[in-house]
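Quick heads-up: structures coming right below.
Common to both upcoming complexes is chain A, partnered first by chain B, then by chain C.
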Partner chain A sequence: MKGRRYLSDRIFRGIFLFAALFAAAMIVLLLVFVTVRGIQPFLPSYPERQSILPFLTGMRWRADQGVYGVGFIIINTLVGSILGGLLALPLAVLSAIVIGRIAPPKISQALTTVVETLAAIPSVVYGVFAAGKITALVDDIASTFGISTYGGSSQLAVILLLAIMTYPTMTSLTISGIKAVPLTLDSASLALGATKMETYFKVVIPGARSSIFAGFSLGLGRAFGEATAVSMVAGNALIGPTTSLFERTRTLTSTILAGLHETVGLDYDIRFSVGVVLMIIILVTNAMIFGVKRHFDKKAEGK
Partner chain B sequence: MTNSRKFKNFLRSGSTLLATLLVVFVLVSVIAYIFSNGWGTLDASMFSGDYYATNILARTDESIEALEAGSFDRPAALDADIPFSSNYGFAIRDEVNRENNKVQSLVYVDPNSPLAHNMVIATAGNKQGKKAPFEVGTTLLVVDALDLEGNRTSHGQRKGESAEELVAALDETIAITGYQSQIPGGGIRGPIISTLILIGMSMLFSMPIALSAAIYLQRLAKDNRFTRAIRTSINLLAGVPSIIFGMMGITVIFPIVQALGVDGLSLLLGSLTMSIMLLPILIRQSEEALASVPPSYTMASLALGATETQTLFKVVLPAALPGILSAFLLGISRVIGESAALIFTIGTAVNEAPSLTGSGSTLAVLIWNLMGGETPNFRLASAVSLVILAIVLILNITVKIIVGFTRKEETKKVF
Partner chain C sequence: MKFMNRLKQNKDISTDSDIISAQSALVDNPDGVAFDIRDLNLYYDDFQALKDINMEIKDRSVTAFIGPSGCGKSTLLRCLNRMNDLIESSRVEGEIIHKGQNINSPDTDVVKLRTEIGMVFQQPNPFPKSIFDNAAYGLVCQGHKNKSFLREAVEEALIKAALWDEVKDHLKRNADSLSGGQQQRLCIARAIALNPEIILMDEPTSALDPIATSRIEDLITQLKQEYTIVIVTHSMSQAARVSDETAFFLLGDLIEFDTTDNIFQNPRDSRTEDYISGKFG
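Presenting the complex of A and B:
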């Protein structure tokens, strides 16, 4: 497209480019500034200097005693989020198959609306639901085993809540993956004598593998970062790691939000350090999931 | 077919059905829970009322020593089990209010009741000396009266009496000298205004940048390493948890806002933070909107001699308007539901008269606030959740309708 360029065109091109650069620069600003703030408490110049190793491996978080250890919090966060994600994954895949292949158009549309509505519900609303209903359910389950809980605030409550909250993300990606599997593959499988169900489970779902992985990693990202709803049911255990499903837990996000009053001092600054840990965990998990996906892709190619 | 194949088929179809039913069940139970807990608390006064209760100390005005008892008739419409004071003409009952406190609130006040006319506010402040509100909905804490011998006595909730005991005791008195009451809180007018300010400012900052970036990426950018780097950065931003955005607000935007003369947590800080958080989703949606405009439109416009800028503003953007509107509405619903980033940037205390430069609490942050502490207030939290849920669902349905409508229009154009 060569030709006369008007001044206005050039000005607007410049503005649009600047806006795109601005948006892209934000992630850099975010990573740099939050990280710099997060490592402050470990620098020699900090008045109540913390040591980095006890912080990362510590199994106690007693803000009242000035003891900050995120070791068990990392474990609890990983366990809660991954179990929640794994609970949501089969539900997401199975219901996506219904929406993408099995159900007639009208029902499929209605079910899509259900998934979209679940995605649209704000996390605080899930939090109210979880604090009212899920904790009561957990308490009931625990009492049938003869275990008492802290009003239902527990690792299990966090897992159930995160399963519900990660489900829509996983499902919408899986649906688009399933819809992208060409129908000719279905026909081929059916022509070879496979039943419809066998086709869905052995042809369509493996065909949507990469979307399922993408959905799972996005869902996990959401689970790790989910803050307000989780902090309503976590119960904020002081020591850990939490070994029983019915015991209280503490996640990185619930730690960041717990008792947020002052905006100065170590108790405030250390929250940024926890935030840095959270970002690292999300990055590492995503990289790992990407690695697993590459492994599966290679295996599929080898076939 | 072998039996084991049949059995596997049965298991597979059964599991898909079960999974789907379970998902529908979860959605229904979330909505049903919020609705059943919140609906009873929801009323018109909640939307206009103050969040914090106001205490009132009332005494008789200068002209008289005490309000003498009269004789009032019980209104026929009043339920028989609600205590009615025939001496002073009001009905009162025991309730649990929005703030989850046990109170005794007025359910009826006779138009001629002396308490409704001859009492003034004695609490120091700008309302001192004004007529004290003795209206339906006000809660009575304690009433000072003169008994049959003319001795001072006090009755009411603060004295450990039920509404019935209060009325019975008052009907044994000859005059009232004063009372303490409370205009109940739990209103969400302040948080509603905060939410509106936040929506307005976030979209004002975010939408122009997002739309410009989308125009660049969709129409101008070449497919090269530079463009891919920009896209990757924006996608990475989309994966950042909202609580980290709150931290970004404190570390990056706070100094900027401070330089502008706004100190401390403020709605301005919150809306700038939100506007960055919204960028990825708004850019993606706007790009989709622009992509839906057929390239033939652009070519036709350019062929007619219009400049690039004219084509963009007079042909492409109007054609992409429904999609851009969808992006706008989705952005709004994000702001309404956001809590974690805002807890860091706007604070959690409710502000009755919020301003851009002051702190405040939006509806979503208010819910978080209500659920914290030793005794979470489920009823008010559910009522506010119900409000948020209704707005968010309406916005999403509107987006669906817009998208569906434009799809239909497009099909019409093709055929």
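Presenting the complex of A and C:
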């Protein structure tokens, strides 16, 4: 009997190990595949060989002329995603305070369900909504300033869309962070003559800052990586960087996606290069957010 | 007095009226009564947690509330700084007269009341901030920004709470790095920094080891020179050691309230005698 149980233990250990290795292998495989394909257009053997520097700093993406520069696309992606994320952040934190502290249990439960549902809505649905409603709104706003837009497809539409899409992720993480701050700290603060608002802003939110940063970086990850919905409102500008909120824009993801299945050769291969750039940007941004968080942690330890 | 003078010098917030009101505390309480509790009833929904409580809590002395769990002693303590307001289902009837005012009145400025009446909780609950920021928290909420004022106030509070010598070299360290007993003294310092007249303590040593407990008890004895202290305790020996007067509660009733000596040596009520002699509890 002992022998058989020992054997099944070993078999299961093998299965677990395989599952873990499989997941790790998939990540490595994906990174290697995208990177290997992505550097192809820059190798000497490639028929329409591109140079790395003009590719990274180029301010034009003219497939019709064979000119591929992602410099302005990188800028547009960063501006759109970060502004979208920063717009969502205060809303997310304030909603989380309402849900985690202020609202009575039943309302808080209902609001949590709403936020979770928002997070689960597929991005293409957000895209349809944005293409139908947000663009119209942007167009209206632009026309009050006497500016005409390309049917509302613009940097502003992307920012608003990404703010809406990153909000649920940031909110649910912040809620769990706020719920993890012990209520005894609220009592301590109130007993020291702090108002409820002072308690939320000086004790509860700082106490939840790890989760707030985690939510922000996950939200930004979603913003950087969002392709479908963004493509529906970006307008895919050919040159840049976009300097006006009402001008068309182009993001790394919308560049990869646009006409992917109707193209071959360099125009197809170069999209892998764009993918490599996107992965690097996400890694660098996460590292920077981590750095900011470290700074806040240190500041919280003392002045 | 040194502290009051410093408050006066700090131009940001303190006005002369603050000082007058603080100094006149004794004038407002001519009988030396910090709280005059009259016909106090408290309900959580339908459950009555306190029943017709009448008692006077003396100024500059230590009053202990004892009794078995659920007897209402902590609830009564939390009435004294209106912390029961935070429990939605609670409802209070009756008066608590403090400095000539009924603190149960809807006109009471609860935030100001809580700066005058400090509170220390059962579990040490320092904020996840530096030692300095913990001690300065109440003053910062009051709007004090002057760095040197805050530094002096923090130092004085930590000295009074018998913590200064242990932490003076690392005030920037997170309060989590302190031991449980140090954390509880920091919580006392945090309350003292606001220069309250009264400190409420809700079983302040129940989470501490015997050595940390005896340090807190020594501290209570020192603090009663300057402050009125009301302490809820599960430990009868603690009540006997630190308090001047003791109130015994049972199921929401105040059974007996007398000097600590009388309660422990000549209790008038047999239930008090049974409780202190350990027959139940």
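One rule holds in what follows: the second predicted complex is superposed on the first by the 294 of 303 C-alpha atoms of A that agree within 3 Å, B and C clash if a C-alpha of one lies under 4 Å from a C-alpha of the other, contacts with A are read in each partner's own complex, and residues count from 1 in each chain.
In this text, contacts are C-beta pairs under 8 Å (C-beta built on N, C-alpha and C of every residue); 3 or more make two chains touch, one makes a residue touch a chain.
Here the structure is a predicted model, which means the values were calculated and not measured.
On the superposed chain A, the two partners chain B and chain C both fit, without a clash.
Number of chain A residues touched is higher for B, counting chain B against chain C.
Applying the stated contact rule after C-alpha superposition, one finds that A:F72 touches neither chain B nor chain C. By the touch criterion stated above, A:A188 is placed in contact with chain C alone, chain B being left untouched. Contact with chain B, but none with chain C, is seen for A:F201 once the two complexes are overlaid on the shared chain.
Judged by the touch definition given at the top, the superposed model places A:W61 against neither chain B nor chain C. The superposition-derived angle at chain A (between chain B and chain C) is 120°, Cα centres, a multiple of 10. Shared-chain residue A:I97: touches chain B; no touch with chain C.
Here chain B and chain C sit at a least CA-CA distance of 7 Å once the structures share a frame through chain A. Once both structures are placed on chain A, chain A residues 195, 198 are touched by chain B and, in the other complex, by chain C.
Across the complex, chain A is touched by residues 1, 5, 8-9, 12-13, 15-20, 22-24, 26-27, 29-30, 33-34, 37, 208-213, 215-217, 220-221, 229-230, 233-234, 236-237, 239-245, 247-248, 250-252, 265, 276, 279-280, 283, 307-309, 312, 333, 336-340, 343-344, 348, 364, 367-368, 371, 376, 378, 381-382, 385, 388-389, 392-393, 396, 400 of chain B. Across the complex, chain A meets chain B through its residues 6, 8-9, 12-13, 15-30, 33-34, 36-37, 90-91, 94-95, 97-98, 102, 111, 113-118, 120-129, 131-133, 164, 167, 171, 195, 197-198, 200-201, 218, 221-222, 224-228, 232, 253, 256-257, 260, 263, 271-272, 275, 278-279, 282, 286.
Those residues of chain A that touch chain C in the shared complex are 104, 182, 184-185, 187-195, 198, 202-203, 206-207, 300-303. Across the complex, chain C meets chain A through its residues 81, 83, 86, 88, 111-115, 118-119, 121, 123, 125-130, 132-133, 137-138, 140-142, 171-174, 187, 190-191, 194.
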